[in-house]
Amino acid sequence: MSEPPYSSVFAQFVTATTGRNMTKAAYVAVVAGVVLMVLLSIDSAYSALYGWLDALLLACLVFFIFEWVVRLRQAVRTQRVAGYLLSIRGFVDGAGAIAIPLALLFGATPKTAWLLGVLWLLKVIPGIPGLRQLRRVLVQESGPLFSVLVIFLMVLFLASVVVYFLERDVQPGTFGSIPAALWWAVATLTTTGYGDVVPITPLGRIVAAFVMICGLGVFGLWTGILATGFAAETRRDNFLKTWESVSKVPFFAALGPAAIADVTHMLRTMDLPARTTIIRKGQAGDCMYFIADGEVEVDLPGKKVKLGDGAFFGEMALLGNNLRSANITTTQVSKLLVLDLVDFRVLMARHPDLSETIDAEAKRRELENK
Amino acid sequence: MSEPPYSSVFAQFVTATTGRNMTKAAYVAVVAGVVLMVLLSIDSAYSALYGWLDALLLACLVFFIFEWVVRLRQAVRTQRVAGYLLSIRGFVDGAGAIAIPLALLFGATPKTAWLLGVLWLLKVIPGIPGLRQLRRVLVQESGPLFSVLVIFLMVLFLASVVVYFLERDVQPGTFGSIPAALWWAVATLTTTGYGDVVPITPLGRIVAAFVMICGLGVFGLWTGILATGFAAETRRDNFLKTWESVSKVPFFAALGPAAIADVTHMLRTMDLPARTTIIRKGQAGDCMYFIADGEVEVDLPGKKVKLGDGAFFGEMALLGNNLRSANITTTQVSKLLVLDLVDFRVLMARHPDLSETIDAEAKRRELENK
Amino acid sequence: MSEPPYSSVFAQFVTATTGRNMTKAAYVAVVAGVVLMVLLSIDSAYSALYGWLDALLLACLVFFIFEWVVRLRQAVRTQRVAGYLLSIRGFVDGAGAIAIPLALLFGATPKTAWLLGVLWLLKVIPGIPGLRQLRRVLVQESGPLFSVLVIFLMVLFLASVVVYFLERDVQPGTFGSIPAALWWAVATLTTTGYGDVVPITPLGRIVAAFVMICGLGVFGLWTGILATGFAAETRRDNFLKTWESVSKVPFFAALGPAAIADVTHMLRTMDLPARTTIIRKGQAGDCMYFIADGEVEVDLPGKKVKLGDGAFFGEMALLGNNLRSANITTTQVSKLLVLDLVDFRVLMARHPDLSETIDAEAKRRELENK
Amino acid sequence: MSEPPYSSVFAQFVTATTGRNMTKAAYVAVVAGVVLMVLLSIDSAYSALYGWLDALLLACLVFFIFEWVVRLRQAVRTQRVAGYLLSIRGFVDGAGAIAIPLALLFGATPKTAWLLGVLWLLKVIPGIPGLRQLRRVLVQESGPLFSVLVIFLMVLFLASVVVYFLERDVQPGTFGSIPAALWWAVATLTTTGYGDVVPITPLGRIVAAFVMICGLGVFGLWTGILATGFAAETRRDNFLKTWESVSKVPFFAALGPAAIADVTHMLRTMDLPARTTIIRKGQAGDCMYFIADGEVEVDLPGKKVKLGDGAFFGEMALLGNNLRSANITTTQVSKLLVLDLVDFRVLMARHPDLSETIDAEAKRRELENK
């Protein structure tokens, strides 16, 4: 029932591997694996580095197989095997581990089998920041995006058939069938325009011109839809990240709940590691900060002042001459709320009491610094 | 005066055909017809499958002719023949049914006549979701879009004449006339760039560079216009879909009419078929639901609770630990209103009474579940 | 001092010509002139139609010279010669009238001189609807657009020099000088990609890939700026067009000035010629109308009712079953204010008194119609 | 301790050089240097102008070295050497000054060394208006932009490997390695489409079509993100520029702080040099002006009236017949606040007292003018 005894390094590796984020080692292995796989395809590099390439690729593969086994075992222990195997992560881990051995088993040449190393790239997916946000936009706007896709396909097919009809006798080599004409149409409608297949009859060219202009239109619609969705999503994402923290800051607690919802739209959350300089003396300042969680150190001449949860700083540059008057650094991992100059002014204008609190504190600090 | 007696299967077909939506059979026939038509144009496929291709295409054609006749008859019975024939749907049905026979009649070869099968694709148009929305955007923004089109054409013609003048002596083969130069210009201004016709004189290239940059500008304007129109239309569309349902939910009835208009902007309508799982136990929850119409079943340990019109659910994850505590499934076709976490918080902040109602219900449920 | 006696037809022509808008004759002449000019450049068409082409082009030229003379004379009479000559319109008229004769005078061949007929296209500019709006967007956003242009040029030059350095020894024919490399760079950065000049060294291709991705970025910035500007401008334009009319409608006069400003944002102006059908019986209705100026006729069964300035109609479909209950047609040139269903609901929710007025009128009308 | 005695011209140059903005001389030198560098690469121009080109380029280089030395010395005097050298400006100045001598030192041919003159272009960077704004957008949206970039790279690699696998046997010359396939993929995914490397197998073309459509999607996401960020940034930038000035205008002082924040969003700042005509008699007027700082002269018939800080003008066209009634010119460098017609109406509607003040002043002025 107790944890099996691992050697310390190995235990650390296992812990890291089964954590939420990809380990640094895994990132290195992904990049190395893909670079090696690319090198393998270059004949001159292959013959020059033969032994090394194969050995290193094998090392990458072993690493990923090992990682997969560790995670599988962890899943077995927590009784979530099915959940793991069916999740994106489980699928990607599995594919990266067994695709190459399977390909070799089924008789692929080693050079071809290693190409499957490109699947390792997919391991990066769960770690992409903002991917969830992008996915939400695509889901929310899937209706209009699908409509545009259908229109796209309709234009594609209609144009292909017309141009096939017009060009097939003149250019039987390139427009000899509708699939060939579709190849032309897709390169034209996306405004890629390879130029390997080009209509030469006057009517064919008029249709082609129309297709290109449709391409611009499809592009525009697509972008318009995504821009609309993205604007909404950005606002939502920021609100959610900030909401929890705002209510923890006593400064805002005085406001009623309705005002807090407004304030939340004005703030931005910032997660900082320890020993990060937030403010540098002498720089121009265009925002102030509230500490939602963590601690910062103000480097005043002659002494160092620490500010903890709920404190604010950076307001003096906004009230005074616009320049920061001291270095401020985090002492631990901290979560800050950033209030931009614009929103600072709007907030102060709407809530005179907050304005007074900040003014008083700024004056007190100025006196103290002298 | 009575309905003519049909055999049962046939009657079902007629009913389905004259309904609002395209039948599944029709979708299958459209896709099959177009694929067959594409195959017909590939010589090797044609000779390999000769008999089958023709037979299947004929079957598709017969299906569409039959569909058209059924609809025409229905139109005759409801005395809307003119309306049907002049509607997009009537036109598309008619074209799909008689274009190929007509082409054969006028002496086209069968292989050419079957190309008209691409018109069957148009039957999909009335079924595209969100097409009405796209059309409204194009209509609303038609003024600016038309302006951009005129500018586009003007740049096209001016550039063509200038480049024709500059290149005609150097490349008489490719820039031998203004239409040839127009062909170059349209491929350049849309940034397609086939490369089959390219200016080679220094001045011609400078004009070409200018045309390409104009192309970016036209693109940008076009997209900007569409993005603006789309944002407005999305908001409008959502409001209209949601408005009717909101007033049916007693929870919101307490709010005054002005507040209901605000709330409507926050909600999204979701139409679900029966037996659809809305919430899965253990997943992270970021919205709550109101039942505008229909019924859901909450799968609690030991018992199943049904919630009907006007009830709400999913609020516990928003108030508590963020994870769904039970599976919830529709028992019949249902219309739900979705309130996103962000809007939930804003709404609760603005309307403390609603907040209390929800809190009380959530507490009651939590006790019940224990 | 009196007007010189013109023959009637001629007088009409002069009046039309000196009016604000381009005459229909001028539009025809522009299109005809440009088409003829294009035909002239096609050798086969030229030899087939020799006499006619020249004669018709000459007719167009005479028309434009005559138009210019009439306008110049009008300008002399109203003592605005300088203003006219320096305006866009005066410049365009002058260029269209004297460019071709001047070219012939300076020894150009007729075939070359007629190419200047493309300048006639510019006469369309003052008539483009929404051009003023586009221009305002470009002016308002000129700062950021200029920045992007500078970045564009900087990337262009840096990439050209680097690729010239990398490719000049391998491809002396195509990358033999920086201008040649610039030609490649502009086709790449705009993502046109002719393919006539393509880097082949590995380093050159990496730079090229970077340039293409920059191209996407420049594109995105450009579009983002224009979209932002366009959204603001559209709102402004609509407000200005609507404001004057709103205050003329007694229905809105009851609202205070602040509420009128809100309402103005909700309405859209629509200018209609006489005898235009606005509403067709049986169609779905999604907006109501206020008559700012003009008159409409409601085609009720058995009688025709006329509605004049300040009246409203179309509200019954919004309140009831969503279908229009009568045909409504303008009897004279009219200016209507359109209130969309969404805004109708918001407005009714915010102003219960307006809501009552409309309800009462709708009920009165329904009774009357029975 | 005193300033070292310079000759007057030299002192002026030094002052100008160490100022915030680039001197006009430097702009001229940058443009001249780059043009000369381009000419140098054209063999025919080089041989025709040999001596001159080299001499002028040398002059440019000397100028930039001299500029750098002056700035370095200034930095030494103000004890900011490290700050200067590490700033973008210091880096750019240094690179422009020493890159070419260094290249010559390391044995590059003069023709190659002069290519580094393209670095002079970078000196323009700190002077680009709105660059700070663009940078803020990129920083704010860096998360989503980075996500899109990762997706872009992932599609790039996956598509390359697949197409390499499909095409390597058919086209060993162009798809002989993965880097070669990557080159194809990047040209396709950015929709550049050179056409030098094109898949020819049916499967390869299907993958290519998919890549092109992904290209549109990446483009759309990119633009959507930038458009969203840009809209927010534009609003912020305008607010900050305007805020300071608004509080200086007594007209707005009557408003409470919350209203001032609203008004700030409506105003736009305009910085004008002396002797600039702001309003021209007889033109259509669509905005009014407040003088935040400076002085203007109203050119009335028979007399000239001066208006100073805090005064407003241009309101008569907004209240009356829409045409400006007098020329108005700045007499000194002035900062104006512009209130657009739309916002003027909204503001007047919301604040009847401001409306009265403006009406009264307009009436007084009209009487005076008569």
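In order of appearance the chains are A, B, C and D, and numbering begins at 1 in each one.
To be clear about the criterion, a residue touches a chain if its C-beta (ideal position, glycine included) is under 8 Å from a C-beta of that chain, and two chains touch if they have at least 3 such contacts.
Note that the structure is predicted; figures quoted are calculated from it, not measured.
Residue numbering at the chain B/chain C interface overlaps only partly, since under half of the positions present are found in both copies.
If you average the Cα atoms of chain B and of chain D, the two centres end up 40 Å apart.
Averaged C-alpha coordinates give centres for chain C and chain D that are 28 Å from one another. Counting only residues that touch two or more partner chains, chain D has 179, 182, 191-195, 219, 223-225, 227-228, 231. If each chain is drawn as a node and touching chains are joined, the picture has every node linked to every other.
Only residues 143-144, 146-148, 150-151, 154, 157-158, 161, 164-165, 176-179, 182, 188, 191-195, 198, 202, 205, 208-209, 212-213, 215-217, 219-221, 223-225, 227-228, 231, 235-236, 239-240, 243, 256-258, 260-261, 264 of chain D touch chain A when the two sit together in their complex. Note for the complex: chain B touches chain D at residues 191-195, 223-224, 227. Partner chain C is touched in their complex by these residues of chain D: 34, 37-38, 41-43, 112, 115, 118, 121-122, 124-125, 128-131, 133-134, 137, 152, 179, 182-183, 186-187, 190-196, 218-219, 222-223, 225-231, 234, 286, 340-342, 345-346, 348-350, 352, 355.
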